[in-house]
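A single structure is presented below for examination.
The letters A, B, C and D name the chains in turn, as written, and every chain counts its residues from 1.
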Amino acid sequence: MGGIVPAVEISLRVRYAETDAMRIAYHANYLVWYEMGRNELMRVNGLPYRVIEERGYIMPVLEAGSQYIQSALYDDELVVRTTLQRQSRASVRLDYEVLREGVVINRGFTRHCFLTLAEHKLVPIPAFYLEQFNWE
Amino acid sequence: MGGIVPAVEISLRVRYAETDAMRIAYHANYLVWYEMGRNELMRVNGLPYRVIEERGYIMPVLEAGSQYIQSALYDDELVVRTTLQRQSRASVRLDYEVLREGVVINRGFTRHCFLTLAEHKLVPIPAFYLEQFNWE
Amino acid sequence: MGGIVPAVEISLRVRYAETDAMRIAYHANYLVWYEMGRNELMRVNGLPYRVIEERGYIMPVLEAGSQYIQSALYDDELVVRTTLQRQSRASVRLDYEVLREGVVINRGFTRHCFLTLAEHKLVPIPAFYLEQFNWE
Amino acid sequence: MGGIVPAVEISLRVRYAETDAMRIAYHANYLVWYEMGRNELMRVNGLPYRVIEERGYIMPVLEAGSQYIQSALYDDELVVRTTLQRQSRASVRLDYEVLREGVVINRGFTRHCFLTLAEHKLVPIPAFYLEQFNWE
(Lines give C-alpha, C1' and ligand atoms only; values in the text may rest on other atoms or scores of the structure.)
Protein backbone atom coordinates (compact mmCIF):
# COMPACT_ATOMS: atom_id res chain seq x y z
CA MET A 1 0.00 0.00 0.00
CA GLY A 2 2.63 2.48 0.98
CA GLY A 3 5.17 3.28 3.62
CA ILE A 4 5.40 5.88 6.34
CA VAL A 5 6.46 9.34 5.24
CA PRO A 6 9.37 10.28 7.52
CA ALA A 7 8.88 12.71 10.38
CA VAL A 8 8.93 16.45 9.80
CA GLU A 9 9.36 18.83 12.73
CA ILE A 10 8.13 22.34 13.36
CA SER A 11 8.58 24.47 16.42
CA LEU A 12 6.13 26.92 17.93
CA ARG A 13 5.76 29.01 21.03
CA VAL A 14 2.62 28.77 23.18
CA ARG A 15 0.55 31.93 22.78
CA TYR A 16 -1.13 33.61 25.72
CA ALA A 17 -4.38 33.23 23.78
CA GLU A 18 -3.83 29.47 23.92
CA THR A 19 -3.63 29.26 27.70
CA ASP A 20 -6.60 28.92 30.01
CA ALA A 21 -7.44 29.66 33.61
CA MET A 22 -5.47 26.57 34.74
CA ARG A 23 -2.49 28.56 33.42
CA ILE A 24 -1.75 25.77 30.93
CA ALA A 25 -2.36 25.43 27.20
CA TYR A 26 -6.03 24.59 26.58
CA HIS A 27 -6.25 21.02 25.31
CA ALA A 28 -8.08 21.80 22.05
CA ASN A 29 -5.08 23.80 20.83
CA TYR A 30 -3.04 20.65 20.37
CA LEU A 31 -5.30 19.81 17.44
CA VAL A 32 -4.41 23.18 15.95
CA TRP A 33 -0.71 22.48 16.47
CA TYR A 34 -1.18 19.12 14.77
CA GLU A 35 -2.59 21.05 11.81
CA MET A 36 0.60 23.10 11.70
CA GLY A 37 2.68 19.94 11.76
CA ARG A 38 0.60 18.34 9.02
CA ASN A 39 0.84 21.48 6.97
CA GLU A 40 4.60 21.50 7.16
CA LEU A 41 4.92 17.79 6.40
CA MET A 42 2.90 18.32 3.24
CA ARG A 43 4.88 21.41 2.24
CA VAL A 44 8.21 19.64 2.72
CA ASN A 45 6.93 16.79 0.57
CA GLY A 46 6.04 19.09 -2.28
CA LEU A 47 2.29 19.11 -1.80
CA PRO A 48 1.20 22.00 0.42
CA TYR A 49 -2.42 21.71 1.52
CA ARG A 50 -3.18 24.90 -0.38
CA VAL A 51 -2.30 23.03 -3.58
CA ILE A 52 -4.62 20.17 -2.69
CA GLU A 53 -7.51 22.63 -2.53
CA GLU A 54 -6.36 24.25 -5.76
CA ARG A 55 -6.60 20.82 -7.36
CA GLY A 56 -10.19 20.56 -6.23
CA TYR A 57 -10.07 18.55 -3.02
CA ILE A 58 -10.47 19.07 0.70
CA MET A 59 -9.21 16.72 3.40
CA PRO A 60 -11.55 16.90 6.38
CA VAL A 61 -10.74 15.16 9.64
CA LEU A 62 -12.54 11.85 10.15
CA GLU A 63 -11.14 11.12 13.56
CA ALA A 64 -8.73 12.68 16.02
CA GLY A 65 -7.22 11.57 19.29
CA SER A 66 -4.84 13.08 21.79
CA GLN A 67 -3.05 11.97 24.94
CA TYR A 68 -1.92 14.67 27.33
CA ILE A 69 1.16 13.59 29.24
CA GLN A 70 2.47 16.88 30.61
CA SER A 71 1.03 20.37 30.49
CA ALA A 72 2.43 23.09 28.27
CA LEU A 73 2.77 26.60 29.67
CA TYR A 74 2.63 30.05 28.14
CA ASP A 75 5.74 30.87 26.11
CA ASP A 76 6.99 27.28 26.11
CA GLU A 77 8.82 26.34 22.96
CA LEU A 78 7.34 23.15 21.59
CA VAL A 79 8.26 20.89 18.72
CA VAL A 80 5.63 19.00 16.74
CA ARG A 81 6.95 15.87 14.98
CA THR A 82 4.60 14.55 12.31
CA THR A 83 4.49 11.39 10.24
CA LEU A 84 2.07 10.35 7.51
CA GLN A 85 0.88 7.00 6.26
CA ARG A 86 -1.77 5.60 4.01
CA GLN A 87 -4.49 3.85 5.93
CA SER A 88 -6.88 2.59 3.28
CA ARG A 89 -7.85 3.20 -0.32
CA ALA A 90 -9.52 6.39 0.76
CA SER A 91 -7.90 7.64 3.94
CA VAL A 92 -4.57 8.72 5.41
CA ARG A 93 -3.41 8.87 8.97
CA LEU A 94 -1.03 11.33 10.59
CA ASP A 95 0.68 10.79 13.91
CA TYR A 96 2.01 13.59 16.04
CA GLU A 97 4.33 13.95 18.99
CA VAL A 98 4.60 17.24 20.82
CA LEU A 99 7.93 17.70 22.59
CA ARG A 100 9.36 20.18 25.05
CA GLU A 101 13.10 20.12 25.53
CA GLY A 102 13.25 16.70 23.94
CA VAL A 103 10.53 15.17 26.12
CA VAL A 104 7.25 14.01 24.60
CA ILE A 105 4.44 15.85 26.42
CA ASN A 106 1.58 14.89 24.09
CA ARG A 107 0.84 12.32 21.41
CA GLY A 108 -2.00 12.25 18.94
CA PHE A 109 -3.28 11.34 15.53
CA THR A 110 -5.75 12.44 12.90
CA ARG A 111 -7.36 10.51 10.06
CA HIS A 112 -8.45 12.27 6.89
CA CYS A 113 -10.41 11.44 3.78
CA PHE A 114 -10.63 13.26 0.47
CA LEU A 115 -13.75 15.10 -0.66
CA THR A 116 -14.26 17.05 -3.83
CA LEU A 117 -14.14 20.77 -3.03
CA ALA A 118 -17.17 21.52 -5.18
CA GLU A 119 -19.65 18.90 -4.01
CA HIS A 120 -18.09 17.42 -0.88
CA LYS A 121 -18.24 13.99 -2.49
CA LEU A 122 -16.07 11.22 -1.04
CA VAL A 123 -13.35 10.00 -3.41
CA PRO A 124 -10.35 7.62 -3.17
CA ILE A 125 -6.94 9.14 -2.54
CA PRO A 126 -6.22 11.06 -5.78
CA ALA A 127 -3.54 9.76 -8.13
CA PHE A 128 -1.31 12.85 -7.79
CA TYR A 129 -1.25 12.33 -4.03
CA LEU A 130 -0.39 8.64 -4.30
CA GLU A 131 2.37 9.41 -6.78
CA GLN A 132 3.88 12.10 -4.61
CA PHE A 133 4.54 9.50 -1.91
CA ASN A 134 5.16 6.56 -4.24
CA TRP A 135 2.14 4.75 -2.87
CA GLU A 136 0.55 2.15 -5.07
CA MET B 1 -30.03 57.94 5.45
CA GLY B 2 -31.49 55.62 8.02
CA GLY B 3 -32.07 55.26 11.72
CA ILE B 4 -30.62 53.06 14.37
CA VAL B 5 -31.96 49.53 14.51
CA PRO B 6 -33.01 48.99 18.15
CA ALA B 7 -30.91 46.92 20.49
CA VAL B 8 -31.11 43.16 20.52
CA GLU B 9 -29.71 41.18 23.44
CA ILE B 10 -28.20 37.73 23.69
CA SER B 11 -26.75 36.01 26.71
CA LEU B 12 -23.77 33.70 26.86
CA ARG B 13 -21.62 31.98 29.41
CA VAL B 14 -17.84 32.38 29.36
CA ARG B 15 -16.23 29.12 28.25
CA TYR B 16 -13.10 27.75 29.89
CA ALA B 17 -11.56 27.77 26.41
CA GLU B 18 -12.08 31.54 26.37
CA THR B 19 -10.10 32.22 29.53
CA ASP B 20 -6.36 32.74 29.68
CA ALA B 21 -3.59 32.40 32.22
CA MET B 22 -4.69 35.69 33.88
CA ARG B 23 -7.80 33.66 34.73
CA ILE B 24 -9.95 36.17 32.79
CA ALA B 25 -11.58 36.00 29.38
CA TYR B 26 -8.96 36.61 26.68
CA HIS B 27 -9.63 39.98 25.07
CA ALA B 28 -9.96 38.73 21.48
CA ASN B 29 -13.04 36.72 22.45
CA TYR B 30 -15.11 39.86 22.83
CA LEU B 31 -14.95 40.24 19.05
CA VAL B 32 -16.39 36.74 18.78
CA TRP B 33 -19.17 37.64 21.22
CA TYR B 34 -19.87 40.75 19.14
CA GLU B 35 -20.32 38.41 16.17
CA MET B 36 -22.92 36.47 18.15
CA GLY B 37 -24.74 39.70 19.00
CA ARG B 38 -24.63 40.86 15.38
CA ASN B 39 -25.87 37.50 14.24
CA GLU B 40 -28.87 37.63 16.54
CA LEU B 41 -29.71 41.23 15.63
CA MET B 42 -29.81 40.23 11.98
CA ARG B 43 -31.88 37.12 12.68
CA VAL B 44 -34.43 39.07 14.74
CA ASN B 45 -34.69 41.58 11.91
CA GLY B 46 -35.50 38.90 9.36
CA LEU B 47 -32.15 38.80 7.65
CA PRO B 48 -29.88 36.17 9.19
CA TYR B 49 -26.30 36.46 7.99
CA ARG B 50 -26.62 33.01 6.41
CA VAL B 51 -29.24 34.50 4.08
CA ILE B 52 -26.94 37.35 3.13
CA GLU B 53 -24.37 34.83 1.93
CA GLU B 54 -27.09 32.85 0.15
CA ARG B 55 -27.94 36.04 -1.72
CA GLY B 56 -24.35 36.30 -2.87
CA TYR B 57 -22.69 38.71 -0.43
CA ILE B 58 -20.23 38.65 2.42
CA MET B 59 -19.83 41.36 5.04
CA PRO B 60 -16.21 41.48 6.15
CA VAL B 61 -15.08 43.65 9.05
CA LEU B 62 -13.44 46.93 8.03
CA GLU B 63 -12.69 48.14 11.51
CA ALA B 64 -13.22 46.99 15.07
CA GLY B 65 -12.64 48.56 18.45
CA SER B 66 -13.12 47.49 22.03
CA GLN B 67 -12.84 49.05 25.47
CA TYR B 68 -12.29 46.70 28.38
CA ILE B 69 -13.79 48.14 31.57
CA GLN B 70 -13.96 45.09 33.84
CA SER B 71 -12.69 41.56 33.34
CA ALA B 72 -15.01 38.65 32.68
CA LEU B 73 -14.36 35.35 34.42
CA TYR B 74 -14.96 31.74 33.55
CA ASP B 75 -18.63 30.78 33.76
CA ASP B 76 -19.82 34.40 34.04
CA GLU B 77 -23.15 34.99 32.40
CA LEU B 78 -22.85 37.93 30.05
CA VAL B 79 -25.33 39.86 27.96
CA VAL B 80 -24.36 41.38 24.61
CA ARG B 81 -26.57 44.30 23.54
CA THR B 82 -26.21 45.17 19.87
CA THR B 83 -27.43 48.06 17.71
CA LEU B 84 -27.02 48.63 13.99
CA GLN B 85 -26.87 51.74 11.88
CA ARG B 86 -26.04 52.74 8.37
CA GLN B 87 -22.80 54.62 8.18
CA SER B 88 -22.37 55.45 4.52
CA ARG B 89 -23.60 54.37 1.10
CA ALA B 90 -21.49 51.26 1.41
CA SER B 91 -20.97 50.49 5.09
CA VAL B 92 -22.82 49.74 8.30
CA ARG B 93 -21.76 50.09 11.89
CA LEU B 94 -22.70 47.95 14.85
CA ASP B 95 -22.25 48.97 18.47
CA TYR B 96 -21.99 46.51 21.30
CA GLU B 97 -22.23 46.61 25.05
CA VAL B 98 -21.27 43.60 27.13
CA LEU B 99 -22.97 43.49 30.51
CA ARG B 100 -22.64 41.38 33.63
CA GLU B 101 -25.46 41.64 36.15
CA GLY B 102 -26.62 44.84 34.51
CA VAL B 103 -23.22 46.53 34.56
CA VAL B 104 -21.41 47.36 31.31
CA ILE B 105 -18.01 45.67 31.43
CA ASN B 106 -17.02 46.22 27.78
CA ARG B 107 -18.02 48.39 24.87
CA GLY B 108 -17.11 48.05 21.22
CA PHE B 109 -18.02 48.47 17.60
CA THR B 110 -17.45 46.95 14.20
CA ARG B 111 -17.81 48.45 10.73
CA HIS B 112 -18.65 46.27 7.75
CA CYS B 113 -18.85 46.62 4.00
CA PHE B 114 -20.46 44.36 1.41
CA LEU B 115 -18.47 42.28 -1.05
CA THR B 116 -19.78 39.92 -3.67
CA LEU B 117 -19.26 36.35 -2.50
CA ALA B 118 -17.99 35.21 -5.88
CA GLU B 119 -15.39 37.87 -6.67
CA HIS B 120 -14.91 39.78 -3.41
CA LYS B 121 -15.88 42.99 -5.25
CA LEU B 122 -16.93 45.99 -3.15
CA VAL B 123 -20.56 47.02 -3.69
CA PRO B 124 -22.98 49.51 -2.10
CA ILE B 125 -25.38 48.21 0.54
CA PRO B 126 -27.73 45.93 -1.44
CA ALA B 127 -31.33 47.05 -1.98
CA PHE B 128 -32.83 44.10 -0.05
CA TYR B 129 -30.77 45.09 2.96
CA LEU B 130 -31.78 48.76 2.79
CA GLU B 131 -35.42 47.79 2.43
CA GLN B 132 -35.34 45.45 5.38
CA PHE B 133 -34.44 48.38 7.62
CA ASN B 134 -36.42 51.03 5.75
CA TRP B 135 -33.21 52.86 4.92
CA GLU B 136 -33.27 55.12 1.89
CA MET C 1 -17.34 1.61 41.55
CA GLY C 2 -20.09 3.83 40.35
CA GLY C 3 -22.68 4.10 37.66
CA ILE C 4 -23.13 6.34 34.68
CA VAL C 5 -24.47 9.80 35.40
CA PRO C 6 -27.43 10.24 33.03
CA ALA C 7 -27.15 12.36 29.91
CA VAL C 8 -27.49 16.12 30.06
CA GLU C 9 -28.11 18.11 26.90
CA ILE C 10 -27.15 21.62 25.87
CA SER C 11 -27.77 23.36 22.59
CA LEU C 12 -25.50 25.80 20.81
CA ARG C 13 -25.29 27.56 17.50
CA VAL C 14 -22.14 27.32 15.36
CA ARG C 15 -20.33 30.66 15.39
CA TYR C 16 -18.77 32.14 12.27
CA ALA C 17 -15.52 32.23 14.22
CA GLU C 18 -15.75 28.45 14.51
CA THR C 19 -15.93 27.80 10.78
CA ASP C 20 -12.93 27.45 8.51
CA ALA C 21 -12.14 27.85 4.84
CA MET C 22 -13.83 24.50 4.07
CA ARG C 23 -16.98 26.38 5.18
CA ILE C 24 -17.50 23.84 7.96
CA ALA C 25 -16.88 23.97 11.70
CA TYR C 26 -13.17 23.50 12.40
CA HIS C 27 -12.65 20.13 14.07
CA ALA C 28 -10.92 21.41 17.21
CA ASN C 29 -14.08 23.28 18.20
CA TYR C 30 -15.86 20.06 19.04
CA LEU C 31 -13.54 19.74 22.03
CA VAL C 32 -14.71 23.17 23.13
CA TRP C 33 -18.34 22.12 22.71
CA TYR C 34 -17.61 19.02 24.78
CA GLU C 35 -16.36 21.38 27.49
CA MET C 36 -19.72 23.18 27.39
CA GLY C 37 -21.54 19.87 27.69
CA ARG C 38 -19.33 18.76 30.59
CA ASN C 39 -19.84 22.08 32.28
CA GLU C 40 -23.60 21.78 32.11
CA LEU C 41 -23.61 18.17 33.28
CA MET C 42 -21.65 19.21 36.35
CA ARG C 43 -23.88 22.22 36.99
CA VAL C 44 -27.06 20.15 36.74
CA ASN C 45 -25.55 17.67 39.19
CA GLY C 46 -24.88 20.34 41.78
CA LEU C 47 -21.14 20.60 41.26
CA PRO C 48 -20.28 23.30 38.71
CA TYR C 49 -16.64 23.17 37.64
CA ARG C 50 -16.16 26.62 39.17
CA VAL C 51 -16.89 25.06 42.55
CA ILE C 52 -14.34 22.32 41.98
CA GLU C 53 -11.66 24.97 41.52
CA GLU C 54 -12.95 26.85 44.56
CA ARG C 55 -12.45 23.66 46.53
CA GLY C 56 -8.84 23.55 45.42
CA TYR C 57 -8.78 21.18 42.45
CA ILE C 58 -8.41 21.32 38.70
CA MET C 59 -9.47 18.58 36.30
CA PRO C 60 -7.14 18.62 33.31
CA VAL C 61 -7.78 16.46 30.27
CA LEU C 62 -5.72 13.25 30.12
CA GLU C 63 -7.05 12.05 26.81
CA ALA C 64 -9.56 13.11 24.21
CA GLY C 65 -10.96 11.53 21.09
CA SER C 66 -13.44 12.55 18.46
CA GLN C 67 -15.13 10.95 15.46
CA TYR C 68 -16.45 13.26 12.79
CA ILE C 69 -19.43 11.72 11.02
CA GLN C 70 -21.00 14.72 9.31
CA SER C 71 -19.83 18.30 9.03
CA ALA C 72 -21.47 21.14 10.94
CA LEU C 73 -22.09 24.43 9.17
CA TYR C 74 -22.23 28.03 10.29
CA ASP C 75 -25.39 28.83 12.23
CA ASP C 76 -26.37 25.17 12.64
CA GLU C 77 -28.12 24.45 15.89
CA LEU C 78 -26.39 21.57 17.59
CA VAL C 79 -27.15 19.57 20.70
CA VAL C 80 -24.38 18.13 22.87
CA ARG C 81 -25.45 15.13 24.97
CA THR C 82 -23.01 14.32 27.77
CA THR C 83 -22.65 11.42 30.18
CA LEU C 84 -20.16 10.91 32.99
CA GLN C 85 -18.70 7.81 34.60
CA ARG C 86 -15.96 6.90 36.98
CA GLN C 87 -13.10 5.17 35.25
CA SER C 88 -10.64 4.41 38.00
CA ARG C 89 -9.73 5.50 41.51
CA ALA C 90 -8.32 8.68 40.10
CA SER C 91 -10.03 9.42 36.79
CA VAL C 92 -13.43 10.05 35.23
CA ARG C 93 -14.59 9.70 31.68
CA LEU C 94 -17.15 11.76 29.81
CA ASP C 95 -18.80 10.71 26.58
CA TYR C 96 -20.33 13.15 24.14
CA GLU C 97 -22.67 12.98 21.19
CA VAL C 98 -23.20 16.01 19.00
CA LEU C 99 -26.54 15.99 17.21
CA ARG C 100 -28.15 18.06 14.50
CA GLU C 101 -31.88 17.64 14.05
CA GLY C 102 -31.76 14.43 16.02
CA VAL C 103 -28.93 12.89 14.00
CA VAL C 104 -25.56 12.17 15.62
CA ILE C 105 -22.90 14.01 13.59
CA ASN C 106 -19.99 13.55 16.01
CA ARG C 107 -19.05 11.37 18.95
CA GLY C 108 -16.23 11.81 21.39
CA PHE C 109 -14.88 11.40 24.88
CA THR C 110 -12.53 12.99 27.36
CA ARG C 111 -10.78 11.53 30.38
CA HIS C 112 -9.85 13.71 33.33
CA CYS C 113 -7.85 13.41 36.50
CA PHE C 114 -7.78 15.61 39.58
CA LEU C 115 -4.82 17.80 40.48
CA THR C 116 -4.49 20.15 43.41
CA LEU C 117 -4.91 23.71 42.20
CA ALA C 118 -1.97 24.94 44.24
CA GLU C 119 0.73 22.42 43.37
CA HIS C 120 -0.68 20.49 40.42
CA LYS C 121 -0.26 17.27 42.43
CA LEU C 122 -2.20 14.21 41.28
CA VAL C 123 -4.82 13.03 43.78
CA PRO C 124 -7.61 10.41 43.84
CA ILE C 125 -11.14 11.57 43.06
CA PRO C 126 -12.01 13.79 46.06
CA ALA C 127 -14.61 12.54 48.55
CA PHE C 128 -17.06 15.40 47.89
CA TYR C 129 -17.06 14.44 44.22
CA LEU C 130 -17.62 10.74 44.90
CA GLU C 131 -20.44 11.57 47.29
CA GLN C 132 -22.17 13.85 44.85
CA PHE C 133 -22.58 10.93 42.46
CA ASN C 134 -23.00 8.21 45.12
CA TRP C 135 -19.83 6.54 43.93
CA GLU C 136 -18.04 4.31 46.37
CA MET D 1 7.94 60.85 29.56
CA GLY D 2 9.62 58.40 27.27
CA GLY D 3 10.24 57.66 23.65
CA ILE D 4 9.00 55.05 21.25
CA VAL D 5 10.64 51.65 21.51
CA PRO D 6 11.76 50.79 17.96
CA ALA D 7 9.83 48.31 15.86
CA VAL D 8 10.34 44.58 16.25
CA GLU D 9 9.12 42.19 13.57
CA ILE D 10 7.87 38.64 13.72
CA SER D 11 6.59 36.47 10.92
CA LEU D 12 3.80 33.92 11.04
CA ARG D 13 1.81 31.76 8.70
CA VAL D 14 -2.00 31.85 8.72
CA ARG D 15 -3.34 28.62 10.20
CA TYR D 16 -6.34 26.83 8.74
CA ALA D 17 -7.91 27.12 12.19
CA GLU D 18 -7.68 30.91 11.80
CA THR D 19 -9.69 31.07 8.59
CA ASP D 20 -13.46 31.25 8.41
CA ALA D 21 -16.19 30.41 5.94
CA MET D 22 -15.35 33.57 3.92
CA ARG D 23 -12.08 31.72 3.27
CA ILE D 24 -10.15 34.58 4.92
CA ALA D 25 -8.52 34.94 8.32
CA TYR D 26 -11.19 35.63 10.96
CA HIS D 27 -10.81 39.21 12.17
CA ALA D 28 -10.40 38.40 15.87
CA ASN D 29 -7.16 36.54 15.13
CA TYR D 30 -5.36 39.78 14.39
CA LEU D 31 -5.56 40.56 18.10
CA VAL D 32 -3.83 37.24 18.75
CA TRP D 33 -1.14 38.08 16.22
CA TYR D 34 -0.68 41.45 17.94
CA GLU D 35 -0.07 39.50 21.15
CA MET D 36 2.69 37.56 19.37
CA GLY D 37 4.24 40.82 18.18
CA ARG D 38 4.03 42.37 21.64
CA ASN D 39 5.53 39.26 23.14
CA GLU D 40 8.52 39.37 20.82
CA LEU D 41 9.06 43.11 21.33
CA MET D 42 9.23 42.54 25.06
CA ARG D 43 11.55 39.54 24.70
CA VAL D 44 13.94 41.44 22.43
CA ASN D 45 13.99 44.27 24.97
CA GLY D 46 14.99 41.96 27.80
CA LEU D 47 11.64 41.79 29.52
CA PRO D 48 9.60 38.83 28.27
CA TYR D 49 6.00 38.97 29.46
CA ARG D 50 6.60 35.77 31.41
CA VAL D 51 9.07 37.70 33.55
CA ILE D 52 6.53 40.45 34.19
CA GLU D 53 4.18 37.88 35.67
CA GLU D 54 7.04 36.33 37.65
CA ARG D 55 7.62 39.78 39.14
CA GLY D 56 4.01 39.89 40.26
CA TYR D 57 2.19 41.87 37.59
CA ILE D 58 -0.24 41.27 34.77
CA MET D 59 -0.85 43.64 31.87
CA PRO D 60 -4.47 43.33 30.77
CA VAL D 61 -5.74 45.07 27.66
CA LEU D 62 -7.65 48.30 28.32
CA GLU D 63 -8.49 49.04 24.73
CA ALA D 64 -7.86 47.56 21.31
CA GLY D 65 -8.54 48.69 17.78
CA SER D 66 -7.94 47.26 14.35
CA GLN D 67 -8.33 48.39 10.75
CA TYR D 68 -8.68 45.69 8.12
CA ILE D 69 -7.29 46.88 4.80
CA GLN D 70 -6.85 43.63 2.88
CA SER D 71 -7.84 40.09 3.77
CA ALA D 72 -5.29 37.46 4.73
CA LEU D 73 -5.68 33.95 3.37
CA TYR D 74 -4.78 30.51 4.64
CA ASP D 75 -1.05 29.84 4.51
CA ASP D 76 -0.15 33.49 3.83
CA GLU D 77 3.11 34.52 5.38
CA LEU D 78 2.55 37.68 7.41
CA VAL D 79 4.86 40.02 9.26
CA VAL D 80 3.77 41.82 12.41
CA ARG D 81 5.72 45.02 13.14
CA THR D 82 5.28 46.27 16.69
CA THR D 83 6.25 49.47 18.50
CA LEU D 84 5.77 50.42 22.14
CA GLN D 85 5.36 53.74 23.89
CA ARG D 86 4.43 55.05 27.28
CA GLN D 87 1.04 56.65 27.27
CA SER D 88 0.55 57.85 30.81
CA ARG D 89 1.83 57.26 34.33
CA ALA D 90 -0.02 53.99 34.37
CA SER D 91 -0.46 52.77 30.81
CA VAL D 92 1.46 51.81 27.68
CA ARG D 93 0.38 51.67 24.10
CA LEU D 94 1.52 49.30 21.37
CA ASP D 95 1.00 49.86 17.68
CA TYR D 96 0.96 47.08 15.13
CA GLU D 97 1.22 46.79 11.40
CA VAL D 98 0.51 43.48 9.67
CA LEU D 99 2.23 43.14 6.32
CA ARG D 100 2.09 40.67 3.45
CA GLU D 101 4.88 40.88 0.92
CA GLY D 102 5.78 44.32 2.19
CA VAL D 103 2.25 45.72 1.96
CA VAL D 104 0.37 46.76 5.11
CA ILE D 105 -2.89 44.80 5.19
CA ASN D 106 -3.93 45.68 8.75
CA ARG D 107 -3.12 48.24 11.41
CA GLY D 108 -4.03 48.23 15.07
CA PHE D 109 -3.16 49.13 18.61
CA THR D 110 -3.62 47.96 22.17
CA ARG D 111 -3.41 49.85 25.45
CA HIS D 112 -2.41 48.09 28.64
CA CYS D 113 -2.26 48.87 32.32
CA PHE D 114 -0.48 47.07 35.14
CA LEU D 115 -2.31 45.12 37.83
CA THR D 116 -0.83 43.18 40.68
CA LEU D 117 -1.05 39.47 39.92
CA ALA D 118 -2.25 38.62 43.40
CA GLU D 119 -5.07 41.13 43.91
CA HIS D 120 -5.66 42.62 40.47
CA LYS D 121 -4.98 46.07 41.93
CA LEU D 122 -4.15 48.90 39.51
CA VAL D 123 -0.63 50.28 39.92
CA PRO D 124 1.59 52.77 38.06
CA ILE D 125 4.11 51.39 35.55
CA PRO D 126 6.61 49.53 37.77
CA ALA D 127 10.11 50.98 38.17
CA PHE D 128 11.86 47.97 36.57
CA TYR D 129 9.74 48.45 33.47
CA LEU D 130 10.45 52.18 33.25
CA GLU D 131 14.16 51.55 33.69
CA GLN D 132 14.27 48.91 31.00
CA PHE D 133 13.15 51.50 28.46
CA ASN D 134 14.89 54.51 30.03
CA TRP D 135 11.55 56.16 30.66
CA GLU D 136 11.39 58.76 33.41
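Assume a residue touches a chain if its C-beta (ideal position, glycine included) is under 8 Å from a C-beta of that chain, and two chains touch if they have at least 3 such contacts.
All of these numbers come straight from a predicted model, not from anything done at the bench.
Of all chains, A has its CA centroid at the greatest distance from the CA centroid of chain B.
When the interfaces B-D and B-C are ranked by C-beta pairs in contact, the top one is B-D.
The distance from the centre of chain B to the centre of chain C, with each centre set as the mean of the Cα atoms, comes to 29 Å.
With each centre defined as the average position of its C-alpha atoms, the distance from chain B to chain D rounds to 24 Å. In chain B, the residues that touch at least two other chains are 16-17, 21, 24, 28, 32, 74.
Listing the residues of chain A that touch chain B in their complex gives 16-17, 19-21, 23-24, 26, 28, 74.
Across the interface of their complex, chain D is touched by residues 21-22, 24, 27-29, 31-32, 53, 58, 60-68, 71, 110, 120 of chain B. Every residue of chain C that touches chain B in the complex is listed here, in rising order: 13, 15-17, 32, 35-36, 39, 48-50, 74-75.
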